[in-house]
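Here the structure is laid out as structure tokens; the discussion comes afterwards.
Letters A, B and C mark the chains as written, and numbering starts fresh at 1 in each.
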Amino acid sequence: MRLLTKNKLLTGVLAVLSVAGVGAWIYQLMGGLAVTGMSNANSWGLYIALFMFFVGLSAGGLIVASSASVFHIEKYKQVAMPAIILSTVCICCAGAFVLIDLGGIQRIWHLFASPNLASPLVWDICVITLYLVINVLYLRFMHRGAEHAVAVLSRFALPTAVLVHSVTAWIFGLQIAKEGWFSAIMAPIFVASAMDSGLALLLIVLVALNAAGVFETPKRLIASLAGLLATCIAIDGFLIFCEALTMGYPGAAGAETLAVMVSGPTAPFFWAEVVGGLAVPFLILVFAKNRERTGLVVGASVLVVAGVLCKRLWLLLTAFVIPNIVGAPGVLSGAWMMAGSYAPTAVEVLIVLGVPSLGALAFMALGSKLLAPAGAEERASAPAAAELDLEAQTA
Amino acid sequence: MTKLGLAISLDRCIGCQTCANACKMQNSVPMGMQWNRVVTEGCDIMDGAHGTYPDLSRTYLPIACQHCENPACLKVCPTGATYKDEMGRVEINYDNCIGCRMCMAACPYNARSFNWEDPVHDPDFNYGDKDVPVRVKGVAEKCTLCKERTDRGDEPMCVKCCPTKARTFGDLDDPKSAISQLIREKHAYVLLEDKGTKPQVHYFD
Amino acid sequence: MGETTVSRGALSRRSFLKGAGAAAGALGLAGAAGMTTAQDWLAPAKAHAEGEERVAYLCHQFHCLSACCLKCTVRDGRLALIEPNDALREEDQRICLRGINEIQHVYAADRIQTPLRRVGERGEGKFEAITWDEAIKAVADAIKESQAKYGDNSFFFRKSTEASSAHGSGYLAALLHAETGGNWGLDRGQANGLDAGCGVGAFRATNNALAEWPLASTIIFLGFNPLESSIAWTKAFFDAKDAGAKIITVDTRFSPTASKSHQWVSVKPGTDAALVIGMVRAIMDEGWYDEEFMKAHTGYPFLIDRATGEVYGVMRDVTDEKTGKVSRKKAPYVWDVATGTARLFDEEGVDPALEGTWEVDGRTLVTEFSALREAYEPYTLEWAGEVSSVDPAVIRGLADDYANRGPAFLCFGLGGPDKYTNADVLGHALVLVTALTGNTGKKGCGTGWYGGGGAFHATSALQSWKLPEEFKASKSQMPMYDMPYNDNNVHVALTFGDAFTLEAADANSMLEWVKGLDFFAICDIYHSSAVDYADIVLPACSKFECDEEVTDLRDAKGYLSLGQKCIDPLFESKTDLEIERLIAAQWGYDQYLPKSHEEYARHRLSKAKGNIEGFTIEKFQANQGVLRYLDSDEPVRSTLKFATDTGRMEPYYEKQIKFGQAFPTYETPNEAYEDNAKRQQYPLVFMQGKSCFRIHAYYSASAWFQEYFGPQVNISPVDAEARGIATGDAVRITNDRGTFVCTALVNNAIQPGTLFMAETTYNHYYPEGFLQNVTNSHRQERCYEMTYGPQIPYNDTLVEIEKA
């Protein structure tokens, strides 16, 4: 519990946010989802965006760790433990957001009693569960130092990691109703986004652990991971460009959706991602010299994480802006305006802050228990600021 | 097989909202929700018009669940709460609904409403047909094609109450039914045909 | 994302609080049995409570005149379901959203629940709950005191359109010798002009039903929007369309009816008369008139003295065939072509000339038709086009369709062109055009108002309740709408329903006058606009509530309906009959009124013969409350006998020579005309009309309708843009008479230069003021000499609009 007790201020803040989040969730259970900004016109909001986001964030860890075994990239092995802890915490956060978003969580047992195997949500729940199990086993094996078991497991872990993002993507990508989602490229985009945001978060965490003196990562490794991050950003950007071009070129329905994205209500998020989350960090990390500078790497990583969060928002919300049929029965909102719009309420914001806070606490607890002491245990708790920064970004 | 559906004459639809209110009453639809409503096509207000005065046109479009033959909502429902019944209607088993709203994202027609809170009824009791199930907070709902009435052999309430007889209810699988004949003779079409959902609600001019 | 959130949660959660002691100002929120819907959140979805269900039948028939017979399912003492009564023939079963929404509206939060006494200033709306005894005594004392001091006619009594008119509408006025406010001023605009020519004596000029629309070749709707105002009857519209009739709608607004018609003619507000005069001219110029009809059934061949304008004829005694009454009437001469002499129009073997000028005994005589040609010389198609802004070719086309395609209907509305000061000119012009073409008295044609379905068989065999001779209402001093502007003896008023703001324009003047009364009591179901000004408020119940098993006996268009009780009177409300009896009892006059609805119904059926022979209460009860008139299988048809002095359709109004209106002479409306200098300040014409969500102000309180309808003004994009107004903005509408604030809807369907709003809505739903604050109350002087008196020109109103 070193991480928790050494960083009392941070722990305190996270604990308060966690309690507030849980309180807000209980309030939501009592009042129903009406306490959120969601509506019949815009039936998914921050929770689902954050679900996508955290599924993605959890990727970096597992992919790095399992690549170490699968592709025998020895240097990655060093960071496998913090990577897997991060991955575990993030996937739990993702799962939490799905549950929080359910309007009838008390009836969730029907999901197991009578699952509809055609539903991408059922696939996703299966894959996420599998993914979580793999993470936990990974932690267990690594903790015990069971090298062989880790090697075997990682052969399952890598495809599962890819699958978990694809299936999450299919929740959206298979929806014929939504022009903004219905696309075969959705799964590759999700994998790419997962890779870059997950890696970026891992880098931030490693640097923070470094600073906290809990776990030391060689600078060279940071630079190497940063290089991988640059590649992922490039792929992500390329896929988004492919998608946007395909949407816009025919000048038909897709172009309307594209217009919402590039100049409509979700444009701020779109451009924040394209510029802040892709272009700028890429331009930083593409130069080897920059990758040597931890500050720049962390800065670029923060931008990537924030950018991907923006992407989750535009990806989700753009699809709701233009309904296929204006003023359809489920869309009743006031006397004349028949389309919907969405702004999260305080309850949603509290919950959305609370879940990652709880996650951060869990990470600190697990980290304290599982990470090898880095020798410089007595170092002051000042660098916790780096982690605070991280929280602010993920929130 | 029976495949129940509706055929709606847009020429005869006068946008009076009688069907919308009949539905609200029959199915005890709470405040803030509509299973069925009539929109003025292409307008953001009721009784608006297309064009520039005085060169105007107006089409009213009544919309509810399209009871698709290939329902997008059904596939994505994780618990099977949404199902296609033996009469060809798309129905919801409210007990099984976990409120994930996959169906709402999936429906190309925005046909579904969600009980975001405890349903508010005004007047404050469950008006409507006594056989219509009560819905609670956290479940999705939509037009059932008046399951309770049609099970008894009656027409849906919107059909019964339509003042201009714009709505025809019947079995699409029976080529001799009035609805099948209308669809053939009037060259009826369906909404968003390109989505491939094969709606069982047909429209004609 | 961002700017505005969806207003899903914005719907106010109205729960019914129990409590008769409605606090001052907090009117109307308390309520019925406190049923809540608190469900166990883990409970499985069950069907509705297995409550006890029963059905009751009644005739809805509020003032939309649709007379829908309804089947009401009552569960646990609450209205649960309303459907058409299936005891009627299938084609007669009807309902619309207004009947359905009674599920909510009957229980609306705006119901007046207990008798109330004003505690604040008049208009402030502060009240305290009192008992029925206190309320009735206060009302009676005020009436007694006033009548003792100022005489019988110092007490004004009126049952407004909003109130039940099923029984006793005149009885209380008669028992208490009340002033009843004379002419109504509503819906009779065209009728003033039609009456002298058709002599029907009602505002529906010809006497058939819209069941004949499918027999027509052409149907012209003049400011008539039945697809919103008479929804329950619209099947006939489509039946006519299916049968091949060409339907043309003339309206300033692209109304729902206009959008479903084959042709829409956009006309400038208040200029419909010019359009019809243009049609008259076209029919004359093109020779599209029906000479045979004109000679046989109209006054066109009658001779008039060119010098005086008087009809050339002799006064003679005429005996009424039915009543045997003898009266002196003028018999006009015609020019007999065979003999070349002037002979009485109804002499045997006369062959009248339709046109010509002759000298007889030093007089120059001319036929009415020739005189019309001369009089209408200036009214060219171009003139008509210029005034009405309708293309002359379109006017000519209208005339062509009306005169030449076969039987044609010319249907006008109530709520459009009749609400201008020149409506009588329009009505008169309609007589001209009908008399030219003979589109009357035959199958599939007619001119008139077909709202409420037109004319159906009714019965004359229902017995009226007789009061002793001495009970008669006072001779009216003046119409109610005149009272704010002229000295009168009214000191105390009692209205059932809101008469003062619905049946008068310029509400500020009217309510100022009401404030000056010694006492004003209102009996109403809902907190209508006038309630705030009352000293005593009496809660009436809706038609669905009754304290006995049967309610009102009513004509239901082809059927007679005996209503059944659905639910007990809610809160402390009472039926109109009971309230009337309570008031009458203060004088000991309740003995003269029916003791119950049943007694009243039995009395009315006591000599059931003719087309209701054998109708008894028991038979009604056995047949879901309705019995079809025995003659309903035969359609009602207009005749070619007109109730004029000559029995013919008379285009020439001798009595209006002094007004220059012997033939309809076009005149501009009082305010809403093009060159009015007032336009500088108030450039827009403010019009009101029907909406499917209202019957006048009724249903303002419906929470269901409030989800998408409220006080909203429709404005054209041109006018909106010029003023920076967007849909959803709060806007202020102003003129010299007053101001109010409501919500704007920018609507392409609105003619630039005009605003359109659905007829009123209770004042407390507006952010400020209400629509009647700006409407025009001008009284057209010449109409005082017409059958129905001046029409209230609600639409003859100029305003300016700005963002509030």
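Methods note: a contact is a pair of C-beta atoms (placed from the backbone, for glycine too) under 8 Å apart; a residue touches a chain by one contact, two chains touch by 3 or more.
None of these values were measured; they are calculated from a predicted model.
> With centres defined from CA atoms, tell me which chain sits nearest the overall protein centre.
Chain nearest the centroid of all protein C-alpha atoms: B.
> Where the centre means the average of the CA atoms, what chain is farthest from subunit C?
The chain lying farthest from subunit C is A.
> Let me have the rounded angstrom distance from the C-alpha centre of subunit A over to the C-alpha centre of subunit B, please.
Computed from C-alpha means, the inter-chain centre distance equals 38 Å.
> Averaged over CA atoms, how far is the centre of subunit A from the centre of subunit C? Could you give it in whole Å?
Between these chains, centre-to-centre, one finds 65 Å.
> Provide the list of subunit C residues touching at least two other chains, using ranges where the numbers run on.
Subunit C, residues with two or more chain partners: 8-9, 41, 707-709, 727, 745.
> Using the touch rule from the top of the page, what residues of subunit A touch 2 or more other chains?
Correct list: 34, 39-41, 106, 332, 336-337.
> Which subunit B residues touch at least two other chains?
Within subunit B, the residues that touch at least two other chains are 32, 44-46, 95, 116-118, 136-139.
> So in the complex, which bits of subunit B are touching subunit C?
Of all residues in subunit B, those touching subunit C are 11-12, 14-18, 20-22, 24-26, 28, 31-32, 43-54, 56-58, 93-95, 116-139, 157, 160-161, 163-165.
> Subunit A touches which residues of subunit B in the complex?
32-37, 39, 42, 44-46, 61, 63-65, 72, 75-81, 95-102, 104-118, 136-139, 142-143, 191-192, 195-197
> Which residues of subunit A touch subunit B in the complex?
31-36, 38-41, 43-44, 98, 101-108, 110-111, 113-116, 118-122, 125, 171-172, 174-178, 319, 323-332, 336-339
> Using the touch definition up top, name the residues of subunit C that touch subunit B in the complex.
Interface residues on subunit C, with respect to subunit B: 8-9, 11, 13-16, 32, 34-39, 41, 43-51, 53, 75-76, 78-84, 94-97, 100-101, 103-104, 106-107, 227-228, 231-235, 237-238, 241, 254, 256, 259-260, 264, 266, 692-693, 703-704, 707-709, 716, 718, 727, 745-752.
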